[in-house]
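You will see two complexes here that share chain A, one where it goes with chain B and one where it goes with chain C.
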Partner chain A sequence: MIFTLIDIALLTFMGATAFAILRLRSLFAVVMLSGIYSLLAASMFVALDAVDVAFTEAAVGAGISTVLMIAVLALTGEREKTPAHTPLLPLLVVILTGAALVYGTFDMPAFGDANAPVHLHVAPRYLHDSFAEVGLPNVVTSVLASYRGYDTLGEVTVIFTAGVAVMLLLGGRKGDDAGIKQQPVDEDGDDRRADSKDLDGSGGAA
Partner chain B sequence: MLQAILDHFNYWIAIFLMMIGFYTVVARGNLVKKLVGLNIFQTSVFLLYISMGKVIGGTAPILDDRFQIYSNPIPHVLILTAIVVGVATTALGLGLIVRIRESYGTIEEDELDLADGET
Partner chain C sequence: MFAMTTLAVLIALGMALARAFIGPTVFDRILAVNSVGTKTVLLIAVLGFLTGRPDFLDIAIVYALINFIGVAAILKYVKYGDFAHPGEIETDPPGNIAGTATGDGEDER
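Up next is the complex of A and B:
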């Protein structure tokens, strides 16, 4: 009962925050709200027993992403332009897609059902045998680092690629600035160099 | 009736969030706003997966003699990977936005289209 109340309250907050993000025009407020949204998501993951996911989301989603976005806002300005008219076609597409997805959920097993197909195959084996095979009490760690170690290696490759790409995009600009740029003033250029350091550092650290 | 709603409530909220993110991506012209929308979309998928892994009465999948029922650890592993890859793509997207702003002087989509049409 308590769980259901927490579940509904957190999900309602998430929905309201997302809606506010959609409506607001001040990008600074949008970025702050997206940090709050990530924190609510992290709380939700704790309630749903995914503690490892929760602290990753709190550190990465609410922390690093917000810092990166604020750094970019400092360079690009924090006011979104108000559009001339409300686009109707996207609204229609979104409503249709949402209706189709909701229709799809009627075939899904009930939330929290222990006999749902997803709980009957690979997971019981990990829960029963992973302690004997790997020796760690935390099953998520066992699967991540041992059974699916190659997946994690692939993930590191993706992060490395993203870090290299960000460095290529923002790294060698001091040379370009002299020739092609006419726009930036002095202080603007300083800002940008400070930011590119930020992006590189966190891209590597994540 | 109430039970039927509660059985699917998490999935519906996940879909609602997904559609908000989707709408932000397709209908808003500001590139930073689009990226925030993409993040909302992404988190809604995480929520959907973690909701499917939950077992009522279960606990976090950390083995202990005092507990018998655990939630499913496999969605947790998948989503851990997805979160970290997600922030990598976000950083890349923000890097692109900074470059676009440098080259065009704007990050509004319609002004970018206009600038491309002129040259």
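Up next is the complex of A and C:
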């Protein structure tokens, strides 16, 4: 009973957070709320006994992607422009797609069903034979590193490429024309002092 | 007892969420994110005891670390507007050092 209540409460919170993300125009608040959404999703995964997925969700969703989004906000503006078109057609498409997905879940086995095909077909072979075939005590590790090793290699390549691309986008520029947000230097006393202080700071860091 | 604790944590989570939704200033939202993270840590810990398997407490500890790092990064952005800012290396004592800095700046230009 209490678990149903936890599920209902967490899903309600996630829905409310998603709706607030849709309605807000301040992008900083949107980034904050998406971090909150990731934390709620991680709680949901823990409630569903998927602790490793929850851990990844919290580290990636609430941790690094919040920081990356904040870094993007440092390069761009903080207000979202009001869209010119009416959102009725995208809303219709999203509702239809969601209805199709929900309709698709009716054919799925119930949550935790021991007779689900995924528990009958390959999983017993992994559980019984993986130690003899691979020699690792952890079944998950032997599946990831041996049975689908090429797939894991591809994933690592994708993640590496994405990391390189993000680092190029965020930190690749050096030199005078680096900053998009660089302030114009006026011949004003105050601004010059601030500018020279900035130069001094970067010199001290280097 | 753990069920009541879970209910209390969920209610506190809802209140922090409400502050995140309506919070007028930036700091309300940062504080809301921080306390939602804390409530997540508490919820994971209580869920572990509720299901009788408190093996995931270390996961909760890692969540606390992620929460701290994220909030520290957000606060640095809010204060300086930039992640690459050197921070509080030389706060301005308005005297000799500022004059030297201005001289350096003139030389650079």
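Methods note: the second predicted complex is superposed on the first by the 141 of 206 C-alpha atoms of A that agree within 3 Å, B and C clash if a C-alpha of one lies under 4 Å from a C-alpha of the other, contacts with A are read in each partner's own complex, and residues count from 1 in each chain.
The definition used in the following text is that a contact is a pair of C-beta atoms (placed from the backbone, for glycine too) under 8 Å apart; a residue touches a chain by one contact, two chains touch by 3 or more.
Everything quoted here is computed from the prediction, not taken from an experiment.
Novice: Determine, under the contact definition given at the top, whether A:F13 touches first (chain B), second (chain C), both, or neither.
Specialist: So A:F13 only meets chain C here.
Novice: A:A58 contacts which: chain B (first), chain C (second), both, neither?
Specialist: The answer is second: A:A58 touches chain C but not chain B.
Novice: Of the partners chain B and chain C, which touch A:E133 in the superposed model: first, second, both, neither?
Specialist: Neither partner.
Novice: Just chain B (first), just chain C (second), both, or neither: which does A:L73 touch?
Specialist: both
Novice: State whether chain B or chain C is in contact with more residues of chain A in the superposed arrangement.
Specialist: Touched residues of chain A are more numerous for B.
Novice: Taking the two structures together, which residues of chain A meet both chain B and chain C?
Specialist: In chain A, residues 51, 71, 73, 181, 192, 195-196, 199, 202-203 are touched by chain B and also by chain C.
Novice: Mind listing the chain B positions that touch chain A in their complex?
Specialist: 6-13, 15-24, 26-30, 32-33, 35-37, 39-40, 43, 46-47, 50-64, 69-77, 79-81, 83-92, 94-99, 101-102, 105, 107-108, 110-111
Novice: Report the residues of chain C in contact with chain A in the complex, numbered from low to high.
Specialist: For this pair, the touching residues of chain C are 3, 6-7, 10, 13-14, 17, 20-21, 23, 26, 29-30, 32-33, 36-37, 40, 43-44, 47, 50, 56, 59, 62-63, 66-67, 69-70, 73-74, 77, 81-86, 89-90, 92, 98, 100-102, 104-106, 108.
Novice: Considering the complex alone, what residue numbers of chain A touch chain C?
Specialist: My answer: residues 2, 5-6, 9-10, 13, 16-17, 20, 28-29, 32-33, 35-36, 39-40, 42-43, 46-47, 51, 54-55, 58-59, 62-63, 66-67, 70-71, 73-74, 171, 181, 192-193, 195-197, 199-205.
Novice: Considering the complex alone, what residue numbers of chain A touch chain B?
Specialist: Contacts found on chain A: 3-4, 7-8, 11-12, 14-15, 18-19, 21-22, 27, 30-31, 34, 37-38, 41, 44-45, 48-53, 56-57, 60-61, 64-65, 68-69, 71-73, 75-77, 80-81, 83, 87, 90-91, 93-95, 97-98, 101-102, 105-106, 108, 110-114, 116, 118-119, 122-123, 126-127, 130-131, 137-140, 143-144, 148, 151-152, 155, 158-159, 161-163, 165-166, 169-170, 173, 181, 183-184, 192, 195-196, 199, 202-203, 206.
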